[in-house]
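Just below sit the structures, each encoded as structure tokens.
Heads up, the next two complexes both have subunit A, just with different partners, subunit B and then subunit C.
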Partner chain A sequence: MMTLSSSHQRPIDTATLLNIFPNCSIIQEDYVPQSLNNDLNHIIEFINYGLSHEIRDQPNNRVKQALKSLFSNNMGGKLLDIYIDMIRQKVCHNNGGDDDHDDHDGDDDSSSIVSTVRTIGLNKDKFLHIAKQLQFNYIQIQIFERSCNSVFQTIIQKNNYLSNQISNLFKNKLFSKNDGKEDLLIIKSTLQYIGLKQHMNEIIINVSINYIYNFINHNFGSRWEEPSMNILANWSSSVLYPTLTNFITSDEFNIEILNQLVKNELVKLRTKEAFDIIVDYPDSLATLKELKYCITTQKQRQHLVNTFIDSCNKRLLHAGANTIDIIKCYLSTIKSFLIIDPRGVLLDKVCRPIRSYLKDRDDTIEKIVHGLLDDSEDNELNDLAQELRNSNDYITPKIDDLNDLNWTPDPIDALPDFRKGNDLIESLISIFDSKDIFISEFMDVFCSDLLNLTDYNVTDALLKLELLKLRFGEREFNSLDVMVKDLIESKRIDHTIHLELDERNKDNGIFHSTVLSYLYWPNGAKSEEEFVLPTQLNNIFTNYCSHFEKLKQGRKLKLFSNKGNVELDLEFDDNRKFTFNVSPDKASIIHLFSSKEQENIKELSIDEIMNELQMSELLAKRAIAFWIKNQILLETKSGHYKILNSLDELSEKEKVGGTINNYYSTEVGIKADAEEEAVKLKYWPFIEGMLKNLGNMELTKIHSFLKMVVPKDNGNGYNLSEKQLKEYLDNEVKVEIDGNGYKLAKR
Partner chain B sequence: MSTTLASSSSSASQNKSQSNSTSIPDGQSVTKRLQTELVQLMMSSTPGISAFPESDSNLLNWQGTIEGPSNTPYENLKFKISLNFNSNYPYEAPLVKFISPMWHPNVDMSGNICLDILKDKWSAVYNVQTILLSLQSLLGEPNNKSPLNAQAAQLWDEDPTEYKRLLMLRYEEFE
Partner chain C sequence: MKLTIKRWHAVTSWYWDILNDELCGICRVSFDGTCPVCKYPGDECPLVIGECQHAFHMHCILKWLETDTSKGLCPMCRQAFKMNGGSDILTNSAAENDNNQNNNLGENTAEIVMER
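Now for the complex of A and B:
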């Protein structure tokens, strides 16, 4: 009789099967006896009536009888299936109709949602009620409820409109101070009723997270001066937690979890603001400390690092940013990230892009060195100077010492070439592979500082030198030692000479010298452009020299006429008085004008000036431009100048600013010239060297020699083309054309 | 500038002493060192001394120029020298010779020089510049105790005029 049999197996009879699967409804329609079919129809009719009417009648006797006979025939499972099918059809049918009118029901959103949800709840009540009337046993009721729930769940979750509306409703009302929470409670309990507890919690948590973030952003966004966690913790326990406990029904939900959520959102906000927080250091100290204990997971750390690097690339590491700002930001980054993560792992990661960028900048070293050495108030990198002064507690980093009992391995999440840089200066210096570039920069700075001294007072320089030695190591500073020592020596020599000098000639008293050990000073100490000092000054110098040679047998002084300072007092016919502190070239030009005036020559041309002082055009023009700007000299016609004895001689236009403009235009031209000159000056020693030692040389040979020997450091090696070189050599007075090649001109 | 490096070694050997080299640095580092020295020398532009590689393909052979120090018979005279570095430089001294004909107690007729720092007193801290400076000061302060040119050594003290005359006989000006 059974169809559920395969040809290879013994047929199973229905009774056995039903014994094994009591709820199974495999019995085929055809085999339902007529009487049972009738019973079934009665029951279905009863169900239909119940579903479409609100009245909940007790089943009448006929139905009761039918149920009895169905169950006695083990047809309960079949009936359950039929009932579930009917409900599915009814619910889906109703719901399909609902979709249309939902859209234009916008005004009364909340109440329509609430009523929709409420209907779902009532329907479930009704279905369950009928199921109980049908006398299903406990297990069958459970099966029914589960199927029933799944039908409703599908409706809510598949219907985007409805589920969005629910989230929106919670978003609007969950934390609002107005009433309306009853609606939310109804929705919440109904959804829970149809088994969507998890879903409900998710909605509420998402809404809460959003709300927390907005709250934090609104109250603490861009405010980094004070810690916010205390206030937030207070807020979460007094406001958030009481609200949420009404809605979230889970054993796992407690105040700690809520606080963790709040912390996470705070971290999210601070991560987004990371760059600004660090720029704001040290004002943002409180926030940084807070961040340290709020960040707990590896993911948050990674996110912070990535976000910060992104903002750095976008906002800092580009051509538009000032080098000083980048260095400042780098320093803040070091300090800030060491607060967030004292192990230095995060710091190591975030500073890599900044370091590699700084390495490529041409003026990084210059800025660092000036920052270290300049302790005046207007030093923008004053931090560095301070740091250098605090070097006393600086400990030279040790190489891994096998006997060191306090040794600790690198943190587990550190990159392979992890380096812990908590010393500001050390981490700046280590950007560059070699210390040599720093040393030569230090020499340049010391050179100009020492040469600008007028009182031989090297105390400050000595102090700085000692501090630098602490950082860079003793032996790097031999030249600097000599330089400082030269100054001390010069003071002694100068003093002795002045004792011996004939004090009756008061001119002798105005000249002081700094005697340099030529080989130990950087090129900045050697003046490129020499000229002849005015006779008066030259006599004083010669006198000084003869005394020096008596004092230091076998040594000679060579004057760098363009290095030094001259204090000038100028007085004019219209009672103007000025005091200038200028370089000797400028002073010499004024001296020339003033002595020519005594010979009644009022006007001098640029050529005359160059001739008298043996000065280069560049130097002369620069000095004249300076005097014109200060309204000491006046240009009468192009290339001719005279002393401006009275301001009345200025025409109105010039008073207003003609001279200034003139000055600037000359200045710009001079600057361009000067740059070109400076470049060529770099090559000249090499050209001179090869021509002197190797004699006559052809252009191509000079060119290829220069390519090889001119140092390529700082990105400005030899970069002339052969044609440019030819042009330069042809114009260079110190070189002569000789056959096919060039040789040094005879002096 | 102190220059008291001129005192000849006791053995007046003219052959380059073949000391057993202990370490052999690679050619790269010699070139690099010489290049640095060249830049240093060019940039410091010390008056009276100068040197430059002979060719741009080989940095091991240089030519140099020394101007005679003032207040010596060599004043206003210029002399050419050659410097040949081997691959052990700076652990071994370069071979330095006068190319210009020279008349000097410590220089022989083929230009070989007897100077302690170029022989047994050589040290790796010396460089082209110090060699040139030492040679320059050797011109003014010969070591007459171990001369290569006995006549010159004798005349140096006894007859400066004759010394100068013989020097000028040998001297050849160059461009």
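Now for the complex of A and C:
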């Protein structure tokens, strides 16, 4: 084993070969006669001397002779091989030693690197010199130089430490204002000398790219108001280019390429900032325009899209964000990406996640609708209202592709279901598959707007309606048309009736009415809190009714007692005067008090009021609380009220504003009552069903079941906390506690 | 305390004062709505009550009477359909509203019905 492995390691020389294959002709040819061998030894000695000494002697006569005889015997190639081998061994050996040395020599980086590199250059000089002395011909010299280069290249490229040091050195010094670039020039020329021109250029380009990015980031990061390209182009031609031309020696390098590099870095920075830029729209207009011009490759586009979507997911599309903010951001996204890419392909890709998120939000439609219709200053989505107002030039998209002469195919990089969305409103509406939800939301908004009108002025509503029709199509707005027409018709009826009324009884002149076609109003314009009007008021209404019946044969009027509003004056003995604009229930209650006062009944209990007006306790209490708050009524004892004719009747404490606070809290209490009522109505059927079917159930289980089961439409979903549920269940008579859980009480 | 109500703007709704039925026997839409053709209820789509006390949207019953199969009978009770005397809703409401074009039209068509 030992002999085998050792012979394995020893280079095989001709003598050994001849021992094994005595008659082999190939080996015979290579066989070196004694004298030539002798010559070779002389030359090797000469080379060794040359390699280990700095002095460059001319070869002596013996060596020259030896060379001559070698070349005449065609041994040039062999000599070359031997020489290259020797160099390889020497360099690798030296370098192995250097590695250790470099490791703990971190202090004076630059000079040590420069000297290392310089040594490499000098060594190559020396090797070449010797090669020339050995009288190789031109081709052999070329071969030698190539092998020599490759030896050095391996040293530099394989040695991470060294190549890192070199790039660091360039990073630190290439663009510094101080001198010290001589070192860099030496390194550069040496590396070029040993054939690492490409490598050198790469290092420099990488360093430059880094530098450019930092420069742009420092000067233009987060500044989007002004274009930066001019300044950058200037900078690259006056600062960058002159520096780099000294170092980069390539025919392909020119100012255009440099500018392209700068642009790429700008795009990189802007891509990173994309989300903020878009949120900042329209202040970032300049940047967006620039970006359009700088982004050139498909890869950059893709990267921009991906980065933007990522930051959207991280920063916008989560429960913490306001719906209005998301819509706002969606709008600026549309506008911005249409600037970057007018074809709309990028926009299409970027929009998808936002759209699908908005679709899942409960209040998106509500916010959009209000944004569209509210043209006041404090509308946060004022853009939408403006857009709607400017929609006269809006053209409904053509559906028929075949007859469209201007038809163009979708852009080549568009997704299969690509749709170009130029129009803000259109693209918001199209988030939802059906327009019906919008229409019903519109109806709600119009309903409350129109019912609050007291002057029958529908000009504004008509304008909005027409604008909406442009967007949504004529057909969808049947009910809204009827609603607006009801108002117009009401005005005419009211006018006609009042022409007749005025002559007879002035008291009747106060009554006006909006007459609805109830089938066409949302929820039939029903109000749950109906009550009976005080006689005097009811007479005014019936009088109006009879005129209506005369005017419109066969038709009658029904009053929505709790809708509309009443303007009234109150005058007190102590000269207090008030004007109120209140709902009919509040007016009726104060009217009741005032008429009872005339009958000398000063005090009314809550039960009497409820009885007299057939009003629910909730409604009555709420109205009373309102009057107490305004210091018109006074609670004498619990559930009993009277008119506060003079402020003197207030106790000192109440005068200081205690009243308001007190009764404000009453109002809150009433609201809480109302909520509890609602809870009973909404959830009780579910709870009852659950307990009936499953018997005893624990609180947490009931809670999670309710969460699952109660339908979520119209924001009516289950929204109690577990604690609230417990409170409710504990108070509910029909449920009793059973061990850990609840069960239905036995009747 | 002196209470003066200066103005009361109420919200009301109108409805046809029909005793028996809520839906038009022909189109099965509420009387307070419209026949399938009309858009606006009320004046533009009035009702007609026959002598048999059956009420229909005017446009519905006219269309029915124009068909051959109807033979001028009320679709509900198969008696000859006649307007309820001279006091039918239609003519009266038309007289009240001169400026409403539709009512003029209503008047004309009513005469046609009477002729049959």
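Going forward, the second predicted complex is superposed on the first by the 528 of 747 C-alpha atoms of A that agree within 3 Å, B and C clash if a C-alpha of one lies under 4 Å from a C-alpha of the other, contacts with A are read in each partner's own complex, and residues count from 1 in each chain.
Everything below uses one rule, namely that a contact is a pair of C-beta atoms (placed from the backbone, for glycine too) under 8 Å apart; a residue touches a chain by one contact, two chains touch by 3 or more.
Keep in mind that what you see is a predicted model, and the values were worked out from it rather than measured.
Visitor: Report for A:246: first if it touches subunit B alone, second if subunit C alone, otherwise both or neither.
Guide: neither
Visitor: Per the contact definition in the header, classify A:519: touching subunit B only (first), subunit C only (second), both, or neither.
Guide: Touch partners of A:519: subunit B and subunit C.
Visitor: Does subunit B (first) or subunit C (second) touch A:646, or do both, or does neither?
Guide: In the superposition, A:646 contacts neither subunit B nor subunit C.
Visitor: Comparing subunit C with subunit B, which touches more residues belonging to subunit A?
Guide: C
Visitor: For A:695 in the superposed arrangement: first (subunit B), second (subunit C), both or neither?
Guide: first
Visitor: Is A:711 touching anything from subunit B or subunit C once the two structures are fitted on A? First, second, both or neither.
Guide: Touch status of A:711: first partner only.
Visitor: Let me test your reading of the model: by the given contact rule, A:322 touches which partner, first (subunit B), second (subunit C), both or neither?
Guide: After superposition on chain A, A:322 lies in contact with neither partner.
Visitor: After the superposition on A, what does A:219 contact: first (subunit B), second (subunit C), both or neither?
Guide: It touches nothing on subunit B or subunit C.
Visitor: Do subunit B and subunit C touch any of the same residues on subunit A, and if so, which?
Guide: Shared contact residues on subunit A: 517-519, 555.
Visitor: Please give the residue numbers of subunit A that touch subunit B in the complex, ascending.
Guide: Listed in rising order, the residues of subunit A that touch subunit B are 517-519, 523, 526, 555, 685-686, 688-690, 692-696, 701, 704-705, 707-711, 743.
Visitor: In their shared complex, at which residues does subunit B touch subunit A?
Guide: 1, 35, 38-39, 41-46, 50-54, 56, 62-65, 80, 129, 174-175
Visitor: For the complex, which residues does subunit C have touching subunit A?
Guide: So the residues of subunit C touching subunit A come out as 1-18, 30, 32-33, 39-43, 47, 89, 92-93, 96.
Visitor: List the residues on subunit A that touch subunit C in their complex, please.
Guide: Subunit A reaches subunit C through residues 451, 454, 478, 481-482, 485, 489, 510-520, 525, 537, 540-541, 548, 550-560, 563-573, 579, 584, 587, 590-591, 593-594, 597, 632, 643, 645.
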